[in-house]
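The following pair of complexes shares a single chain, chain A, combined with chain B in the former and chain C in the latter.
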Partner chain A sequence: MEENTHIPENDGEGRRDFLKKIGIFAGVGVAAAAGAVYVASDYEERKHPEGKKVRVLTADGQLVEVPESELQKIEQEELDIEDEMQRRGREGIPGKSWVMVIDLAKCRNARMCIAACQAAHQLRPDQYHINTLVMKDSEHSAPYYMPKPCYHCDNPPCVKVCPVNATFKRQDGIVLIDNLRCIGCRFCVAACPYSARIFNWFEPRDSEKYKDQPYDVELNVPQKKGTISKCLFSADRLRKGELPYCVSSCPNGVYWFGDMNEDVVVNGTTKEAVRFSQLIKDNGGYTYLEELGTKPRVFYLPPKNRIFPAPGEEQTASHS
Partner chain B sequence: MEKKLSLEESRQRLTQIEDDLIRPLKSHKGLEIWVLFLLLMLTLGFYAYYLQLRDGLGVTALRDYVQWGMYISNFVFFVATSLIGMLITSVLGLLRIPWITPLTRIAETIALAFAMFAGIVIIIDMGRPDRFPYLFLHGRLQSPILWDVTVVTTYVIISLLLLFIPMIPDAAILRRRMQNSPKWQQAVYKFLSANWVAAPEQYALIKKSIRVLAILIIPTALAIHTVTSWLFASTLRVGWDSTIFGPYFVSGAFVSGVAAVIIAMYFFRTNYKLHNYITEAHFNRMGQLLVLMCFIYLYFNLNEYFVPAYKMRKAEGHHLEALFTGNWAVMFWATQLGGLVIPMLLLIFKPFRKPLPALIISIFVLVGAWFKRLLIVVPTQQHPYLPIQNVPQNFITYKPTGVEIMLTSLPMVGVLIVITIIAKLFPIVPIWETAHEQGIDESVIK
Partner chain C sequence: MNLKGLFTAAILSIVFILGYAQGTWVVPAAEKARKNPVASSAESISKGKNLYNTHCKSCHGDPGKNNGLPLNPKPTDPASDQYQKNTDGEMFYKITNGRGAMPSFKATLPEQDRWNIINFVRSLSKKKVADNAAEPAGQAEATEAPAVAAEVTASENDTTVATGKIRLALGFDEDSKTIYARAFRIENDKRIPTSGVPVEIAVKRYFRDLRLSEAGVLTDVNGYVSAVFPEDLPADTAGNVVIIARIPESEQEEFGMAVTQQTKTWGIKLIPHNIKDARSLWNDNHKLPLWLLFSYLAAVSGALVTFAYILSLVWKIYKIGKSSFQA
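Here is the complex of A and B:
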């Protein structure tokens, strides 16, 4: 994404810093889990002579020097990848406050966000982490398409009711699900007023194929029968410094994604970076059903000055 | 209480009571067929559960929108019906209402059986029942499910004590009277009689224990059903997002509980030939109690449905339309009228409080109570704030599958098994309390 991003020179430190940090995360994130093993084994193979010191990257990203004779290769079994993914998955990415802006004026129901999402999360065609709905607010208002992911509420009703801490709110604002913990009571589905959550009623798609894959809490794969799934803001991609699956696959520039702390959002299609607050201010951005007090992290820009035709009358949404 | 009896009269009458109440424990006519039926249902239920474990909860009609269905309705129904123990033994008992004596054990048995299986119903509904221990290992106190687990467990324990502590003197009598029974059965009586010798200190202790338990069970019973209502009321969904759900559920609980006790009374009176103990006067009283409970529940129904219906706020309007005139209308009106209003009106008239009419009306009330729970649980989920789109039709409608129906009846079979076992091992009408009430001196009863 870096190579396509246009950053005007006079845009200040904020945006560049944001992108730089995304870049650093790509490095640190990947290195953190496997870094120690990799460096250690690499050095051992090279067989440095007499008591030489080597530099290794620790799991928390610090560069340290140790005598080479002290180095020991960690067996794969000892380093439980799943545990490490759980640890960092529950912790989140420090200093970030992820936010999504959806421009309803630009959505023409291409549904490529849905396809990319379902592919990444091993979902069946009728399982949605993100779904594009045809909305019609009242009898005389115009219909429009509305992509609906999880809103990653700051006052999440789903997290409140979970009896076993299987769904949780991270420091970077993302609401995740731990399918190694979920007991399948579905209270969170009942509690979510936005119908954002789905359940694995059957053996998940291709579960046989993925059964030996370690569970990644940030991607929620492999999906597990009898547990919950939902949109994760593509936490795995954010760790690598990439935009979420839906955001980067949209052909129409509907999605903006970024960090509220940096006040920057990047358009998934054009890679243009703008100030989040300015975008919301200029376009009358809002959150859906904010009167419920859930404090969503997904903002909508109203469907004004549409560049594509509105949904046909025959497809008109019914609130039934 | 009648006039003081002479020692000889007392002994004679006690023997008569013992004979009457213990006789059903000795004759097992028709029991084999009943047990066979229960075992068959049990087998079918276990097979259904095997299918659900193998293929996932998808063997039910539950999908991402209607994702709580018959199982959760069943859970609410079970918790509701179990509250009757608290109403009869505790509330009426503490008020010293004299006519409840022969009904307390029936009520406590029903309470215990339904409360025990309420927990099983929840496990049936879980996607990952193997992770049930996580509730204790990783439990989070802010989740109403944790509150529910805590209070239901407490209620089961108190109900167990309220069933078996008043049974101590009876167990001692049974030990004496049932010497031809199998060894294990005698061992059970011996254990439960807890060295009872009918000493005055023992009577004092047992009465005090019952009193303490009767007080303790009131907040616990209120808590279990209030917390159960909060499983719904703590969400933001129309139809559930209601401030009166606690008392609404509790008042509804007493309706189904009283109906269940009347049905059990009729069954035991006829099959166990207890006409002298469970009399027409008892049906009359219980019928009156049911009228009162129906009336209170109707009052809450008016508040719950007609106040929002007066306003017809957008999302709530869709929900209420579906209930009043839409696809749920037949079930809604059949339940409200056939299971609540008409039974209440009929029971106001004395002829309908005779045993047989009271039984028939109670069956309507109990069946209605079950469907009422379904009406509370399911339709709400068909009317979320955001439209249901791009999903198969069966995500929107809810037509329970055979497996689901079998698994809904499994815990009901369980309840019947528990009631059958208790009613076959112990007199369903307490001997010592009945004797005491008939003026037989406590020292004679042992």
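Here is the complex of A and C:
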């Protein structure tokens, strides 16, 4: 025990000396380097008064010189755009409560809604945000076509299970997905009783073309491999006061879209505006599988008095 | 020779198929001879035009411009001579029953409306003969609006934005929540009420404005169109609604553009309600349900308390061990 506490004197002195010398050398070195950098930057500054310039090719093919600081500014702006799109995408449009009405009597499976949707959201032909299904509920019931988007439920099971807050509900009722946050666990796919969600198993369509576009959470473009996507009620169009892609491309007047707070829905084909409550009341509107308690925002009008033949039926001129 | 024969056969068969597809919509003789029970009046034509724009235009296009959808068979332009050859009965039968991509309107349009459309379609060909013939003004019934009439005529601040000669003014009856729109021309600094002008009264909404007046209605002899404001129409948080009178877009070619608007506090006040205020499992993290918050805290703190208890027991054992060793 006693032997261990003994410290040799000359040992400590030597180390201190060594550290002192190192310190002096280091100090001189740093001062010299700083001086060199200063002289060099001063020279550069005198050579280019506005700072270092970079050559860039403009959109119209001209080679121009731009100060480096300016370049950074643009990048920052782009980032700001993405931040802003994220912020407003999360917040939604205040005071709105979007609602869709689908008139099953008018659908003849023209599939224009699907085409418009797939074009807008960078989807492959086998990926559907909205699809028209042939329905036949039981042996003796009549078949009909049923367009099926996401129902943007007011009690969404998909949002409840997301472990990373990638999918969320906004104040205007829309359920969105942030592809930048999504980790691809597909819990939401399992939770959704309507099979509204799709997974990007492969590289999205034209991913090369879209890759430099800033990500818009209200459009889900550019799509990302290994993440979820689904119907967005065309949140980007609603912001501009336009009807969703599917609604405005329908040739048969199937879709009505509007704001429940205004109690008005507009037909995508005829652009006719009617009272939402009246439309639902007069036509016996319902929501799909409402017994699940999901509170969907998409209403159906039953396929009564249809104007086109039912699926699988031949058109015959009947005599009145 | 052989090739030529084949070629002729091919052409013949194409002609035959096309002819079969387009030309053989046979209408039963009894239907063909059916007469139009609705007299062709300005009102009927205006209503028909409105119905045409709603139900037919998306496929048949603008009459006279032959810009229908490229379907097979191609939807006929209703103003074309080919279509005008149809009798009223034939038109009625075709609208009623449909064929191929042409839907049947038996269930969606009442008979009266179908005849109104036919009156409109017929007016398209008559137009070529007597374009814009003045309709006798006395036919339309005058709307009773005695008090408001004076108000509208006297109001000097004319807010109409117009490109044509027709201008519009809005008047209101506060008790019955009735809106009057008056169409007039200004001649020699005098306002001359104009009848037979298609005017719609609407309430401003987000995508499209909600029309309150009857579809395709024309101004009466005093130049009035009226509409009743619905009792239960929601407005903004202050109860403000913007009421608009205008010439519909489809009629602007003939009458020019004219629009005027005014704000009224007639609507039901919107109570701001944000669905994200409620605590729920689907809401943001800070809005989690209280039961989840408390059960989570209980579970975590329970685990921590258990750990602390075990550590205290270990400490006790250590102390006991030390004291018994000393003893």
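Annotations
Note that the second predicted complex is superposed on the first by the 233 of 320 C-alpha atoms of A that agree within 3 Å, B and C clash if a C-alpha of one lies under 4 Å from a C-alpha of the other, contacts with A are read in each partner's own complex, and residues count from 1 in each chain.
In this text, contacts are C-beta pairs under 8 Å (C-beta built on N, C-alpha and C of every residue); 3 or more make two chains touch, one makes a residue touch a chain.
On a predicted model such as this, the values are computed, not experimentally measured, just so you know.
Legend: residue contacts after superposition of the two complexes on their common chain; A:K160 is shown touching both chain B and chain C. By the touch criterion defined above, A:I307 lies against chain C but remains apart from chain B after alignment on the C-alpha atoms of chain A. When both complexes are overlaid on chain A, the residue A:V134 reaches chain B alone and has no touch with chain C. In the superposition on chain A, contact is made by A:L292 with chain B only, not with chain C. Judged by the touch definition given at the top, the superposed model places A:E82 against neither chain B nor chain C. In the superposed pair of complexes, A:C182 makes contact with chain B only, with no contact to chain C. When the two complexes are overlaid on their common chain A, residue A:P251 makes contact with chain C while staying clear of chain B.
Looking at the shared chain after the overlay, A:K225 reaches chain B, while chain C stays out of its contact range. Judged by the document's definition of touching, chain A residues 160, 165, 317-320 lie at the interface with chain B and also at the interface with chain C. Of all the residues in chain B, the ones that touch chain A in their complex are 55-58, 62-65, 67-68, 122, 125-128, 131-132, 134-135, 138-140, 142-146, 149, 231-232, 234-237, 240, 314-315, 318, 381-392, 395. Against chain B, in their complex, chain A makes its touches with residues 126-128, 131-135, 148, 157, 160-166, 181-187, 189-191, 193-195, 197-203, 225-227, 289, 292, 294, 317-320. Partner chain C is touched in their complex by these residues of chain A: 94-97, 108, 154-156, 159-160, 165, 168-171, 173, 241-243, 251-253, 257-259, 261-264, 266, 269-275, 305-308, 315, 317-320. Taken in their complex, chain C has these residues touching chain A: 28, 53-55, 58-59, 69, 96-100, 103-108, 205-211, 230, 233-234, 270, 272, 274-276, 280-285.
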